[in-house]
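I'd like to ask some things about the structure below.
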Amino acid sequence: MATRTRIGILGASGYTGAELLRILLTHPRADVVLLTADRKANREMREIYPQFSPYPLPALVTIESVDWMAAGVDFVFCALPHGTTQTVIKRLMGEAPAIRVVDLSADFRLCDVDAYARWYGHDHLAPDLQGQAVYGLVEVYRRDIKQAHLVANPGCYTTCAELPLIPLIKNRAIDTDEIVIDAKSGMTGAGRSAREAMIFSEVSEGFHAYGVGHHRHMAELDQEFSRAAGKPVTVSFTPHLLPINRGILSTIYVRGRRGRTAEDLHALLVKAYAKEPFVHVLPFGETPQTRHVRGSNMTVIGVVADRLAGRAIIVSALDNLTKGASGQAVQNMNVMLGFPETLGLTQVAMFP
Amino acid sequence: MATRTRIGILGASGYTGAELLRILLTHPRADVVLLTADRKANREMREIYPQFSPYPLPALVTIESVDWMAAGVDFVFCALPHGTTQTVIKRLMGEAPAIRVVDLSADFRLCDVDAYARWYGHDHLAPDLQGQAVYGLVEVYRRDIKQAHLVANPGCYTTCAELPLIPLIKNRAIDTDEIVIDAKSGMTGAGRSAREAMIFSEVSEGFHAYGVGHHRHMAELDQEFSRAAGKPVTVSFTPHLLPINRGILSTIYVRGRRGRTAEDLHALLVKAYAKEPFVHVLPFGETPQTRHVRGSNMTVIGVVADRLAGRAIIVSALDNLTKGASGQAVQNMNVMLGFPETLGLTQVAMFP
Amino acid sequence: MATRTRIGILGASGYTGAELLRILLTHPRADVVLLTADRKANREMREIYPQFSPYPLPALVTIESVDWMAAGVDFVFCALPHGTTQTVIKRLMGEAPAIRVVDLSADFRLCDVDAYARWYGHDHLAPDLQGQAVYGLVEVYRRDIKQAHLVANPGCYTTCAELPLIPLIKNRAIDTDEIVIDAKSGMTGAGRSAREAMIFSEVSEGFHAYGVGHHRHMAELDQEFSRAAGKPVTVSFTPHLLPINRGILSTIYVRGRRGRTAEDLHALLVKAYAKEPFVHVLPFGETPQTRHVRGSNMTVIGVVADRLAGRAIIVSALDNLTKGASGQAVQNMNVMLGFPETLGLTQVAMFP
Amino acid sequence: MATRTRIGILGASGYTGAELLRILLTHPRADVVLLTADRKANREMREIYPQFSPYPLPALVTIESVDWMAAGVDFVFCALPHGTTQTVIKRLMGEAPAIRVVDLSADFRLCDVDAYARWYGHDHLAPDLQGQAVYGLVEVYRRDIKQAHLVANPGCYTTCAELPLIPLIKNRAIDTDEIVIDAKSGMTGAGRSAREAMIFSEVSEGFHAYGVGHHRHMAELDQEFSRAAGKPVTVSFTPHLLPINRGILSTIYVRGRRGRTAEDLHALLVKAYAKEPFVHVLPFGETPQTRHVRGSNMTVIGVVADRLAGRAIIVSALDNLTKGASGQAVQNMNVMLGFPETLGLTQVAMFP
């Protein structure tokens, strides 16, 4: 019988922590043996998330209390808030170099520690580790991820924009100087730490843009699009908040290069993702809905001709907690450990 | 390797049809080989429910076009609207007596065909079959279900009220002459056939009771509570419509018999469901939320002492599409076919 | 031309403060001249609630900074959190006895300061003022309110239950020993101070009961029902949280006394509220929806016969921020100042 | 005392009909004396919209049954579905030329009857009347509207895009060859005629684009932007469906012409709308939310610098039923009848 991997989840009380657990509890090769949650330490997971009541799970502990050599952990998912992660992973990888890590925060996503300092307002606290970190967009960096010890799981907004755009940019199929990404996300992307703007009555029955002109996800987009283009690329990106729990939909406005039509762009994406289990390109002219990826690890992409000649509209959708966070993290783990990439990730989207 | 059962879903374009498919696509012993949808015949499932795009599935056909002897089907889920089902199943079981059936409609739930005629306003169209039908509340009728050829899957409201109340009534622990069930359901319980009252703007940002004083689920409650009591029982039942997709929560007001306290009632339920995989009784004083059963086959029950002496408040919650319909239907199939009862039904509730 | 009343709103940054302002900005006899919000002092109202951008309004100040004699205020609405109100009003009424006050908190609702201490866990801080406070349920205490200097505006849940029940209890038309009130409220009832349980993702797409068996509104219900009955009355009351912003709906289960039928109870309510502008009794057998009172000061009541002989189901609905709080507060002001009772309160419910 | 205008609403059972009534019931110069609703004729408005129960209103009649000369009507709002309107208004204006009309449908919005035929797939049925019709965007055509007998009330999406863009185009401040309008609307924009795609469970907890590449509102945008530019202008426009009732938010991507910065564009809009009561331009860098215009007749506009040099992001928000339909219709009536333009339209946005 196949051996099972012993897994630790750091930050299990947040939404991405709960989503990791939801996925891993039915993963055939994973045993969750460690759960941390600093502010909720010494409590049971069922008190924090009653849906886990029927499952026997380890009690929550603080990260500080973990002795990594003695913890009996093979693999760690780090689902901590941005900022605290660098220190935690530095200690972990220092004490127990055999443990492999997928980090769901933004702490290791930017290769350039100077860019990190510029966007996040403070120095990177583990610049040496940054050099080892692999950006975990499986469809692009699968080969590197296999060997990686530390994978930086991409952001939710960025995954939703990078999957449709990177193949187009790499193939020089679109102009890179005027890409407009109008992105809309559900509320779980904001996490579980209460602030006034997150109250139900401030979010339901309404809609708004935020971070217009300046949003940290831009740094990650710049990096990946510039890598794909082989030259600096800056895009226009505007996030909006949807009164829903799960789902990101990005409407992307592009111009084909050298006469490429919307159909050409579509054909290129169809080809690029023909064998990918978690990217589905719709027939030309169709566009996706977030509800049809709810709870699944799928990204769905549609391409339509714009009425402005030479331009195309690309719409992509994913579940920000699954492919946009915890599902992609498990996909990364599967690749790192040599498991079939879809293991534990076959759940069908839940609609209605 | 274990053989797989070839399954047909009649009425695949409705919500319970889609939920059956969501569950069965990851069920290790089931192959869906037949899908019917009369008004949407000759279309692909992916056009009706885009979330199934990644899966190879048979095209939709009309029921009339099915030759049951040649269909290669072992097992049928019938997810048709109330009323048309009796005729369809009569033909099916007449033509292909080996096929076993779980019917999700109300057509075979009432043992008494006179009661059926009274509540539904027309004669039962298959009274002989009614005699063979077993009421599919697994936790109560497991033994009969094993042998059954035709199982009448219970209603969503009724499952949510019967699971907490039947053990209390059977044990003569509560007064049966003044049980008040205040029930609230999400919109998917109303199905997918559009009516003005189902429009988003008529349902969101509001709440109301409906069918006050008269609702067809009462006939089913009367039947099961009277069976459990061994004498006629009539309860007060008021359904309300929640602006959510999935979930039923019932708040039930009862009085303990002969000095039974709320704690006594709780202890009785804990004992009754100690070994049931799909009924979870919370610690005394705690009550469930619908969101913690979303997409799972679990029913969660809580018991609290009322401030009125001698009375208790019982709160039960389930997902109306899963334990309240398609999940329970698969649970019935597992029992009928001798599979482990939880096969394909281990999905953890999706929250948030 | 009629003189205008100069109004102060204490706690203008909360939801009931904003609702007061929404109503008063179109009230023909009111000028809002003072707005306080301790944590948001020195900011403009438009920063806190952008919908007020088009209106010239005084900047927010701290309560402490207000010199009541010099403030130029005739009338004060106190929309502060429970607990801090007693001290604030004590100082205000001490320094400027001419100012009349409607308090929207629970601080002055319980006549019995011992009951207050029991339910709130600390001594009443202004027991002498409590003696002067009038309970502001206009339909019941209109005469006293006219003379009052300090009116305790009723709670939202309590208003919704008291309006249908008090006439029935006063007329000895129902049994008072087994009244069951199953109440459901929108989120704005919880105010604007962020807590984890109030986050959008914790509230949307789900439903649950809370405070089962013990909720502070019970003290207020006990007081008013006992007054109406002329003897102690205790009711069963269970609040639930709806994933909507505005609206309370109460489903109330009662038994007619001495052969009173549901029709008798209905007739009694029709008569009791025939001339009331803000209570509307539906034709027998019809029940209300919260959406049809959204933003209006109306309470709508329906009565239906229960299928249990001798019992009736009463459903009442109101907007918790309007008739359940700020609308009722302005109605109280109108009565206190001798204005027409409906002045500024004629807005039609906003549906859809 | 000022005389009151006797008003008829054709199509009173739709959402824009109900919104007209909500506004007109508190309008000081309007009496609603005629309500039509073909499919719901002979019923009372309170059965269709219970929120109007407290108001005495004429019963619903069919349009066919109305004798326009004898109807005692001075002014008509036509809130009928697109397509049937041309015939209805032709008869009305033929029989009773003194009655003035605001039409809320798209039937008279396109000056060019050939463009109408092209976009709507059939010939215009009242081409002579089209010549008299004035496009009712008050902020642009106020002078013409004063004299008009027939005003074509603008669409909701178009109003939200035209108000921010027309001043910029007129002043040649932006490039007109690559304007991208990413628009998001609440569900009430789809009306009250039930279709599967409008069911609560198909709309809630999700988001999608629709009509990508081709939407009828484009014809109206083309017309108005071309008029403003004095040359043909075609824009990119993508509508999306929000799971909310009311509200449209448009995120508009533009490039400044000849070195105009985002600040320049902002200054231009501030100046253009300085005296308009229903257009509010936020301070530079701020953007609006739909919830802060809910139920009000206000359009709120924000301008932000894009990170792409030379480009700006403009966000505009309005309530699709109010400024996007019925509020704007009443604003048009006020102008046509010489009333103060804000009469009956002063209601403050309802948030929360």
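For clarity, chains are labelled A, B, C and D in written order, and residue numbers in each chain start from 1.
Operating definition for what follows: a residue touches a chain if its C-beta (ideal position, glycine included) is under 8 Å from a C-beta of that chain, and two chains touch if they have at least 3 such contacts.
Only a predicted model underlies this, so the values are computations on that prediction, with no experimental measurement involved.
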Chain whose average C-alpha position is farthest from chain A's own: C
Which of A-D and B-D has more C-beta contact pairs: A-D
Chain A and chain D: spacing of chain centres that average the CA atoms, whole Å: 40
Chain centre separation in whole Å, for chain D relative to chain C (CA means): 36
Intercentroid distance (Cα basis), chain D paired with chain B, Å: 45
Multi-chain contact residues (two or more partners), chain C: 15, 188, 201-202, 204-205, 243-246, 288-289, 291, 294, 351-352
For the chain B and chain C complex, residues of the former touching the latter: 177-178, 180, 182, 184, 201-202, 204-210, 212-214, 218, 234-238, 240, 242-247, 249, 251, 253, 285, 287-291, 294, 302, 304-308, 311, 313, 315, 317, 351-352
Residues of chain D that touch chain C when the two form their complex: 15, 18, 21-22, 25-26, 49-55, 188, 204-205, 245-246, 280, 282, 288-289, 291-296, 298, 300, 321, 346-352
Residue ranges of chain A touching chain C (in the complex, touch as defined): 15, 187-188, 192-196, 198-205, 243-245
